[in-house]
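Below you'll find a set of structures to go through.
Paired with subunit B in one complex and with subunit C in the other, subunit A is shared by the two complexes that follow.
Right, the complex of A and B next:
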């Protein structure tokens, strides 16, 4: 018995207290807790014979001892605790949750030990929490200026975790007092979170709130320079009571970097998300952001001839087409994914015709720029009674679809050509299938109308997306389903059930066949139209996914979430390849640039942020809007970014300039911290106000005319 | 008699509504439509009533005379699992995602027309069924099964089939049986063809006719299957009996 105790004390002093991401210090606590494991330890556990919780603790201790090759102790402990021989795999624990998705290289069984321990939750003396916190505050205030900004980052996560611990351990009055005293000190952009916290005073409240549970079990990431970190560590270890140090080790992940400490503005630019910032490793994966090669399409010569006759000479017409279509270099773009990285549907004849139309339109496209702004045409939905919840245009701008709060989906024709349904099967038998205009003949003239209404959903329709070939329409709704509608018969074909909670957004892939949906259940799913179950599940966000967008090469999906981060996922593997933090509110709109290199995002904080996908860094910040930005769109050649917002305006930004300015910067700096200029005013090209109509959708036609849509809101 | 005219007091809001307003203020919501208060009140009343009723059931089940805190707690717990579910926890999702993402993306077959899941999972199937009945000998030789009446279309004229089926036997109501159209599984007997009816435009050759008349526009909450199953047996005058249609004639909807 004594030998065991001695060995345990030996071990306690061994592990250095260097670890912040690893577990040595924690294991020190394991040992100190275990002698008491036979009797009641944590606040709420019973002291019966070996209860399941105690069993798990013992197993965790066993694991640790085995790992450190303390064979004798293992034997003694096993004998004493009366554990059977092969009882080494602790069962999964309860809601304390397995390791966080963001934790970097942690050994397989380490999380079990820590998980078990978090079930007991560190118990400092609750009344002293205030003392610890004020102590830390005083220390940080006395630190050098350059370090103070960085160390102040610790306040918010520490505050939240200490408060949650008090609530979790049922110290309601202390929790309230703690909250009142220190909530005012936190950064202003955490105001929303603090308000949610203020309503959470009992342990039962926590149970239903998935986001907070995730927050508790995942690690809040902070990026601090080595010098600042040393300062903090030294201070905290000098103290007798390491309560704060314990919390930091358990709940925070400190990503140390060597270099200059960051300034307050730099930190403010990147912080704001629910899980802190992104670890550097999270953004290191190679992303193939290039575009896929366009297939070579033979232009039918007779079409060419006809058109050429009307305009200039024949040879002149052919040349420009070939240039734009044929790949400029025969070599593979090193940043582009290979053609068959993910399976894509082959081009049908109708698709080839579409492509030819596309290229013809492209030649007539207006080149936009800071001196040549696009004209804006606004489509206003009247009498929608605040029920318009989603809008989409087809790529050739011929159809517009609206999703409504009364669960209907309506499609209108923008061109004078009316919408027709396909004839019934009996009638189809009668037509001449060999005729040239068979595609016209299959349509039933009697059903021609300006708009069609489609019923099927049982809740407001929040996301809507046309397929690139204009045959299908997708809609996602609060009833948890995503429905595929046919635009030939205007009926519902499939209801994809997977999310059991509201689906906030859905989008077809640029090549059709695949689509992505994201909703309240915090995951995004990738589907194919011919599979009734999703192909990929993108899980990792801490809160609802509000916006999902495909990359132009269809190999990546970006999701924006209420946890104020944007994640980019790889379709092939399902892994998260990029995490972008910096927004201070839920993200409601995303847009990829046409060249695939950049991503623009808009959120409720009224800012548009620009991200470089290849390097994983923030490139620009566009301030100007005063309310949530619900729509973002790059022009066809990527020179202008249009943003539409709840403040009833459409703003145009010169992103060409923003990207040019920063391309020359050195991105290979280890820290990757850029100093962003505050040049939003220069980049703003124009502000166009509507008459009390929030702008929920923007679309550039193939000729670079900007279309906008919204519902009149008097 | 003097009528007391009650003047309404200057707008005082009931206490419960004041509580709701305070909640909205505490949560930082400054702009809201006035009906939000009513909505919140209604939800609260409905929820509390449901919980208390459930708790009363549990208390009586446990043979307790009074409802106590345990019953309430149990009631809340059960309701929580039923209607106020929350999305699955993160570790579960990560595990599911890991498994799902391991399978490679399926290859796409070329030239397949519209790419839709197997028909079972689509909504493209017709939601009605045409049933054609051949010479079906009914189990009891004395019975004649009869065409059921379509709602509102009791006629003695031959009605044109709405679905292109060849011929229709119409039902005559000369039989005199009460034809109530409320029950949709109601059958009416008609006398066998060997008897007196003259209005039937029966094709003489085939007494057993397979025809179906379904008028989709008349379909209400259930589908009405109308079958004409003319099995003529038994020349002797039979008392009209109600017959229960075979179960497989029913559309299970």
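Right, the complex of A and C next:
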């Protein structure tokens, strides 16, 4: 248990200490604002739903800290939460659900179990629970059709809370009977949660059960129209059904809206997450989803290039316009964040060269569309013996990295250029540092090989990511560390410790320097390569963070989780700015569209969902895969979405059509009640089956060729 | 609905380990006389914890991108709970528990054999497993999946079967008749012709077997190599026919090529070409991805021709056309074995044909030989019921030719071959005296 305590304090102290530490360490080049201080003032205003429980948990945390003699942390937490020395100020606590930054993160993380469960101590007659529930069921079955779907939403959370109350109060047989009678009525997408619940039959089991704590700490959010809500309220009051009314009051958050009640399909589209839907205000914050202005780089037209062109046998017709790329990016996107909202590393000469390469390639890019599909090149890992766990390509598609269950990280060169190490220090001394080809001379020709293996992790490698400049590689592993490897020496440079539990995913920022990681501890961390402690902690998910992805403008991070929600976090403030619900299984892949406007997500339920980040809306649903989707990627110009799955297929989707077809008006935009068309089959442009090779990674080259990778599983 | 709910309730019904297991485990660690109450409490607790660990282990399986749960997943799940993993269970592929029952008790156990250490030391080292390597291929080229061995066959046998038996159900990619979703599977986009055909009678779609330029080139190369003079090239071409997964579109052409080829070359008595064509048939039959049923009406007559034709070569007394007859007979037997069903009755029809011409007195010795060879290949039952009863008559006939006045050398040679065939008919003991009475 000591390790757990250590872990707890670890999380708690970090946001405060590192914020200040970073300030000194680097003259404003890194994110410096303490995430908590920014948000605490803001969040005070939005504490519409402060409840005694939130306070209780906060106080419990304070007590715990005091007990463990962490006086400094107590001070910081109290200051951040705005609690005065020794009184209870009801205004000061934060609403937990919206995940408002550092302080809230602390409060939510590991509330004391006894305090949390004590809310279940009040109880009615255990034998009457079935009567109450079936009474409500009967009522909801008889209401008008238009309200029935909405009111049916309360069944699941009610069922869970009533069952837990029974279990908590030691009515084992009643609980079992209750479960057996009503578990069959619940929506099929709660199957997995029900399985967890069914195993839980004793009060002792509840201690330390994470799922349980989640049900309790986060209110289950329902969206119900005002009319339906009134109906429910009236019924419960008439019947004096206090047991149920209490649960609704205490454990559910009912987000009431005015207007038409939603249909069953609309509700089904958005539900399925562990804690209900997202509150509407959770998705109201402005998100700067636009792209950053590209630095202006002149495209040099050197002779070399022309020769190369002629060699290829293509007569050069048009000279690439010098500022074709530049002129586009000169106009500042109104939705873009200011250029230095997040301090970004300065471009090195080599980065500029790479940008030039990029632009040259971009001029040769194939324009994709529904009548012009990309070619798919599949890289099969042979003899991997079920051990391939992660793959990444460099942006220029010259290198492939694989993470394996045997803890190794391997890098392959897919171009004729072999991988070479830098010479030893002694040999480097002999080199003429003034020579033009010094970068070539430092490489040791004797070490050239097609692939290199890197050892260092002590558990399966679940996440892997190349730095944009191709000098570094990140890997995250079951052993709780994220490692940074040099691709010049092929050695490990840093092991970033902090997660303590398996780290499921990691990714470099598109501008390098920063990276994000997320894992079993339900916390995503933002790091900078030169800091051994995280700069930001994104906390709020109710279960493992399964995948992490940077927004193309590097100002936001998206995380997908086993709690079946996707959250988008602001890197500057550390706040959660979007919560997307609708998946019915753990989310295993995320992809931002190149223009930064859209997000695609894929889950174990085999569905891809499309999201509009600016409006916080679901944009579409792509059905077709029959197993977990492990990889999603937009083509370079965002026309086509490719998805790769455990069902051994790569599928291509016409996302432009999906976005165009969606009918949205002001009402749907304001309430988020979109009518999804079931047009997956029309949007599916192609399905390509492999021979028993699950597709675990996809990548569009700069010319829009699709690369896919997976291990052959005979 | 209620049935579904019922089923699910079954699933959720919490399974608890039997209390006897608790007792057995307690005894195994030296705790005897465990109270019944403690057993119940223990089994509930243990079952709950096992389920918890199983749930966590599943997470590791998902992140490991596997469908099979392995022992290492369980180890990792235990590590999450700060429990020491179970060492020693390192099997990757299967969980090595064995099941045994007896005396009314059922038991799953881990079989641990006693191994002599010296045996391990003295056995040669197993081969080092191959290292991970990377191989690239084209999964799709501009929306079309190329038919290469790295990709699954473009149309599975099942699809080909559906296509040939129920043509209305199948829409070929790119055909407008039913321009609906199905065609999109292959990545071709179809113009929206959906609206027009609604309400119309569904017509059988025109079967246009259009071949791409590459396929046409391939067809040309393959057929030329198959009947050409270079034996090495022919071997390569036949190998390609026998293994390439993407040939089904060319199958009608190959089938026509063979049947026409046989027709022409029988007339011209071109033995070599007939042999080449039969080898093509063999290669087609060897290809596991082809659904040949649709083309049997062309292939079987060609094969039968090569078995029973009166003359297959220019110099019947010198050339070894017998070998071709034998080879084709084997092919025939093979296709009877694979394709004969109660509806097409291939085997019985073929058997009848052979028997009929064999029984005919006017039948030439060459044809006679083919018929017997064809029948002999069809298996012991056929031999027993059709050949053996006729051995005496046949023996007499052979005797007549061999010992009688020499009318024609060819007849004599034919009779000799029939005799040796009947004698040779392997494996099945044919009473010799029948032939020499």
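What we mean here is this: the second predicted complex is superposed on the first by the 555 of 714 C-alpha atoms of A that agree within 3 Å, B and C clash if a C-alpha of one lies under 4 Å from a C-alpha of the other, contacts with A are read in each partner's own complex, and residues count from 1 in each chain.
In this text, a residue touches a chain if its C-beta (ideal position, glycine included) is under 8 Å from a C-beta of that chain, and two chains touch if they have at least 3 such contacts.
No experiment lies behind these values; they were computed from the predicted model shown.
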Practice item. In the superposition on subunit A, see if there is space for subunit B and subunit C together, and answer fit or clash. Key: clash
Practice item. For A:520, select first, second, both or neither according to whether it touches subunit B, subunit C, the two together, or no partner. Key: both
Exercise for review: State whether A:594 touches subunit B only (first), subunit C only (second), both chains, or neither.
Suggested key: neither
Review point. Which holds for A:493: it touches subunit B only (first), subunit C only (second), both, or neither?
Key: first
Exercise for review: Scan A:534 for contacts with subunit B and subunit C and give back first, second, both or neither.
Suggested key: first
Practice item. Pick one for A:404: touches subunit B only (first), subunit C only (second), both, or neither. Key: second
Practice item. For A:510, select first, second, both or neither according to whether it touches subunit B, subunit C, the two together, or no partner. Key: neither
Practice item. Please name the chain, subunit B or subunit C, that touches the greater number of residues in subunit A. Key: C
Exercise for review: Determine, under the contact definition given at the top, whether A:501 touches first (subunit B), second (subunit C), both, or neither.
Suggested key: both
Review point. When the two structures are overlaid on chain A, which partner does A:614 contact: first (subunit B), second (subunit C), both, or neither?
Key: neither
Check your understanding: Looking at the overlay, does A:386 come into contact with subunit B only (first), subunit C only (second), both, or neither?
Key -> second
Exercise for review: Identify which of the listed stretches of subunit C (98-106, 350-358 or 422-430) has C-alpha atoms clashing with subunit B after the superposition.
Suggested key: 98-106
Check your understanding: Considering each complex separately, which residues of subunit A are in contact with subunit B in the first and with subunit C in the second?
Key -> 195, 198-199, 209, 501, 520
Review point. Tell me, which parts of subunit A touch subunit B in their complex?
Key: 95, 97-98, 101, 192, 195, 198-199, 208-210, 213-214, 217-218, 342-346, 456, 471, 484, 486, 491-495, 500-501, 513, 520-523, 528-532, 534-540, 542, 571-575
Revision key, fill the gap. Per the touch rule above, subunit C residues touching subunit A in the complex are 4-6, 8-9, 11-14, 44-45, 47-48, 51-52, 55, 59-60, 62-68, 70, 72, 76, 79-80, 82, 92, 129-143, 145, 150-152, 181, 184-187, 189
Revision key, fill the gap. Note: in the complex, subunit B contacts subunit A through residues 26-28, 80, 84-91, 93-94, 96-97, 100-101, 103, 105-108, 110, 114-118, 121-124
Check your understanding: Contact residues on subunit A for subunit C in the complex?
Key -> 3, 176, 179-180, 183-185, 191, 194-196, 198-202, 204-205, 209, 370-389, 400, 402, 404-405, 410, 412, 414, 451, 459-460, 462, 478, 501-502, 504, 520, 544, 546, 562, 586, 588, 604, 628, 630, 646, 650, 652, 681-682, 684-691, 694, 696, 708, 711
